[in-house]
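Naming follows writing order (A, B and C), and every chain is counted from residue 1.
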Amino acid sequence: MGLKGIPQQVTRLALMFLLVGVALVAARHYFIPPTFGQTGHYRGAAVGQIVGQGIKYAGRDACTECHPDIVEVHSRARHQTVACEACHGPAAAHIENPAEVKLLLPRDRSFCPRCHSYDPARPTGFPQIDPIAHNPVKACIGCHNPHTPVPPNTPASCAACHGEIARTKAASPHAVLPCTECHQTSAQHMDTPRASTPTKPATREFCGNCHATDAKSPREIPRVDLASHGGRFLCWQCHYPHDPEVR
Amino acid sequence: MRRSGKVSGYIYPNEIELQWGLLIVLYPYITGLVAGAFILASLERVFNVRAVEPTYRLALLTALAFLLVAPLPLLAHLGHPERSFEIFLTPNLRSAMAMFGFVYAWYLAVVLLLEIWFDYRRDLVLWARRERGPRRWLHYLLTLGATNISPSALRFDSRAGRLVTIIGIPSAFLLHGYVGFIFGSVKANPWWSSVLIPIVFLFSAIVSGIALVLVLYVFSALVRGKSIDMLCMDKLASFLLYALIVDFSLEMLDFIHRLYQSEESIKILSQLVSGRLFMSLVILQVLMGTVLPMLFLALVSPAFHGKKAIAPTADELRRLVYLGSAILIQIGIFSTRWNVVIGGQLFSKSLRGLTVYKLQMLGVEGLFMTLGLLVLPFIILFVLIRVLPPWPEAVAVETSHEAGDPAVVS
Amino acid sequence: MGTERRDETGRPAEPGSLDRRTFLKQCTVAGPILLVAGRVAAAAVKGTGGYEAKDHYYGMAVDVSKCIGCGRCADACKTENNVPREPVYFRTWVERYVIQLDGTTVVESPNGSIDGFPPTVSEKGILRTFFVPKLCNHCANPPCVQVCPVGATFSTPDGVVLVDKEYCIGCRYCIQACPYGARFLHPETRTAEKCTFCYHRVVRGLTPACVEICPTGARIFGELKRNSPLARFMRFSKLQVLKPHLNTEPKVYYADLDAEVR
């Protein structure tokens, strides 16, 4: 016997589902965080919590107020793209409390090679040294003021900034050739390298000076008939002059 | 998970730790058994396959026991299981995982519990009338007070149960299909990202579910000292074989498709399959878990020739072959889940390297926890069998004065 | 623009802002206090002098040819954001690619580059070699946000993808869904974590720590929809993104990116 002809099973089940439904609605009302859905399907208060995280690095402008002389020098020197905190560590706490919180003053020889030790993956033109061979034992800052890291002696060879090329060439048949044999550089190139680039040989005859069949050059140098070899291309458009035997 | 020393090639630094471990392998295995057992039960109810009737109630209880355990590996795996209810409160409707809570709740409440209720209600009422003590009250409670067992009420039960089963079949497909979709929809992972994964998951679920019920039926008959209905077994085995053939074809299709397309990920995935996953995929999943059972079943089961098998065998031997195949299948399907879940994380998304999974023994993600979670459904099943005996001899026979008299119990 | 100093790293100095010292005092001390007092207004972010997210839209560019692989960015990020120092948790890292003449490519990122790189193969065998910084791409169509079941990770109106660690349940689906390996599970909070573009710095007019610290200006941060050093860089460089075929619409743009980079 059911309610007005509705089977008993249905009424009992409907009651069960109703109870569960009410419980769910109540749960939704009480347990969904109040800021949920304000700006999207997430808890609005989360943004405030994330933004409340403490700051450790103060930023590049923060040092000017107390150290204007250093910043002045540094901003015109080669390290101008290097943030103060890149070498001295996070400074926000120091700005809070300059007397008690001191910053790192890296003086050890192991510090600078992190950027400046030789790695062929580093872009060409980036000054690199071999940390073992380059003035052993001496502190880097003994010769280079880190705020204006001009080398005490102007590097005579291009290898100081073009290490990968120099090393590749040194193991190739062109090892005896100085860089200036093929490239003309002005003094500007050391100061503004990308604005004042060295020249490259502009003619096939240039390489022909040594490599043409009738060239007056030492016998060991491989010869090629310029008229028939390579068509209209400049030699270095196929051959890598720093390691001419490589593909 | 500790850092492994066996990384080969390059992996992104954050990929050293596998995020989804053994517990996440366990979850699709368990839901697969649920879906498979239910689909088997529905064969009898909806498609009137009379032969498998002896396993009908057992299959339903098996599905329920495993369904109750299914969320546990997930809860154990979460970083914050105490926040898991957020899936119900603020589900992200674009997330396949968010749908888990609702599909699970739907399946549990609207399909499985209802079907069991409608099927058992008459017996619950009659048992409650005849028993004494706590068992009487338990059975009465389970009737929800709907104690009318007049012929019209019973006809309603039958029709309602049939309707629930009809809804239940696509629901079972959905329950396990969406687990496949959780993996298949991840475009970042070329091992998972595939249209076929939900289908493969589903058919391997059907295979494992039928195999499980087969094992349980044999085991329970032996324990209770009852004879095994070979007609039922033969029918189960033939359905197992059909499902196995479809499952195998789908997996081969996926394999051939990948090799033929030869997409960017093929190099690292080939290394994965021939190296890290060789044992679990080629040997356990394909050979031992699919090909061998398929061969055995094709030989001895009368699936294709009506009453005759290709290699006719005596009942006892055939029973053994079925049992052995069903056990091999369980190992194979578990390996399948392992190969999908763990396999998908053993190679780097940079497509340049492989890592290893260090299986822990202790701890929440450990082997012992997993074994415990595998044993738990059988314990629950044992309890369910006590409360709701699925055996033919437990079905209450009405005496004429009990029928149509709702006043007797309340 | 008056006396504002601009360099390749793109620091937007706000006109009329308080002097740095006072500003920083507010951030580090008053910020958390302000949070506790009263409810946050939906649009303006508290403690930041009225920052409105809808007025901004951020991205980043990486000039691969400038990166020297020093690892200062990865180190600064871990310092600024208190990321555990174990070599398995990174919000950003730098990879070194060595493409050899025999066609093989070797990629490595030892401790995310924080301790530098070991010596590589001899120059003779190298065809190309370079460094590539990696980080969360703060995608405009983020797969991680799509899969989060509870809404714990989200995109802000100014284009930054963040994680709410009070709400995250630690299911790690977002970590699986990220094609770039940018996410990890924090061992202590047991929630997902990743690069936030140093949002706590950005809303106060600072740049992310990695951008701040990069000595060569390989990382450029700024506004995508307004004049900024980033916008200028994007005008003059041919740009690529990682895994464009996945249509995640990354907002980290790489100039001079090699085909071997994944």
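We adopt the following convention: contacts are C-beta pairs under 8 Å (C-beta built on N, C-alpha and C of every residue); 3 or more make two chains touch, one makes a residue touch a chain.
None of the values given here were measured: they were computed from a predicted structure.
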Closest chain to the centre of mass proxy, which here is the mean CA position: C
Among all chain pairs, the one with the most C-beta contacts: A-C
Distance between chain centroids, defined by C-alpha means - subunit A, subunit B (Å): 53
Whole-Å gap between the CA centroids of subunit B and subunit C: 43
Inter-chain centre distance, subunit A versus subunit C - centres from mean C-alpha coordinates, in Å: 14
Of all residues in subunit C, the ones touching two or more other chains: 151-152, 167
Residue list for subunit A, restricted to those that touch at least two other chains: 36, 41
Multi-partner residues of subunit B (at least 2 other chains): 89-90, 92
Footprint of subunit A on subunit C - complex, ascending: 5, 7-9, 11, 13, 19-21, 24-25, 27-29, 31-32, 34-35, 39-40, 42-43, 45-48, 53, 65-72, 76, 79-81, 96-98, 101, 116-117, 119-120, 123-124, 126, 129-131, 151-157, 162, 164, 166-167, 196, 199-201, 203-204, 206-207, 209, 212-217
Partner subunit C, residues of subunit A touching it in the complex: 33, 35-36, 38-62, 65, 75, 79-83, 85-86, 89-90, 92-93, 95-96, 114-115, 117, 119-123, 126, 164, 167-168, 171, 243, 246-247
Subunit B contact footprint on subunit C (complex, rising order): 87-90, 93, 95, 105-109, 111-112, 134, 143, 146-152, 167-173, 175-185, 189-191, 246, 262
List of subunit B residues in touch with subunit C within their complex: 3, 10-17, 19-20, 74, 77-81, 83-84, 86-87, 89-92, 94-98, 100, 182, 185-189, 345, 348-352
Interfacial residue positions of subunit B with respect to subunit A in the complex: 85, 88-90, 92, 109, 114, 118, 121, 144-148, 153, 156-157, 160, 406
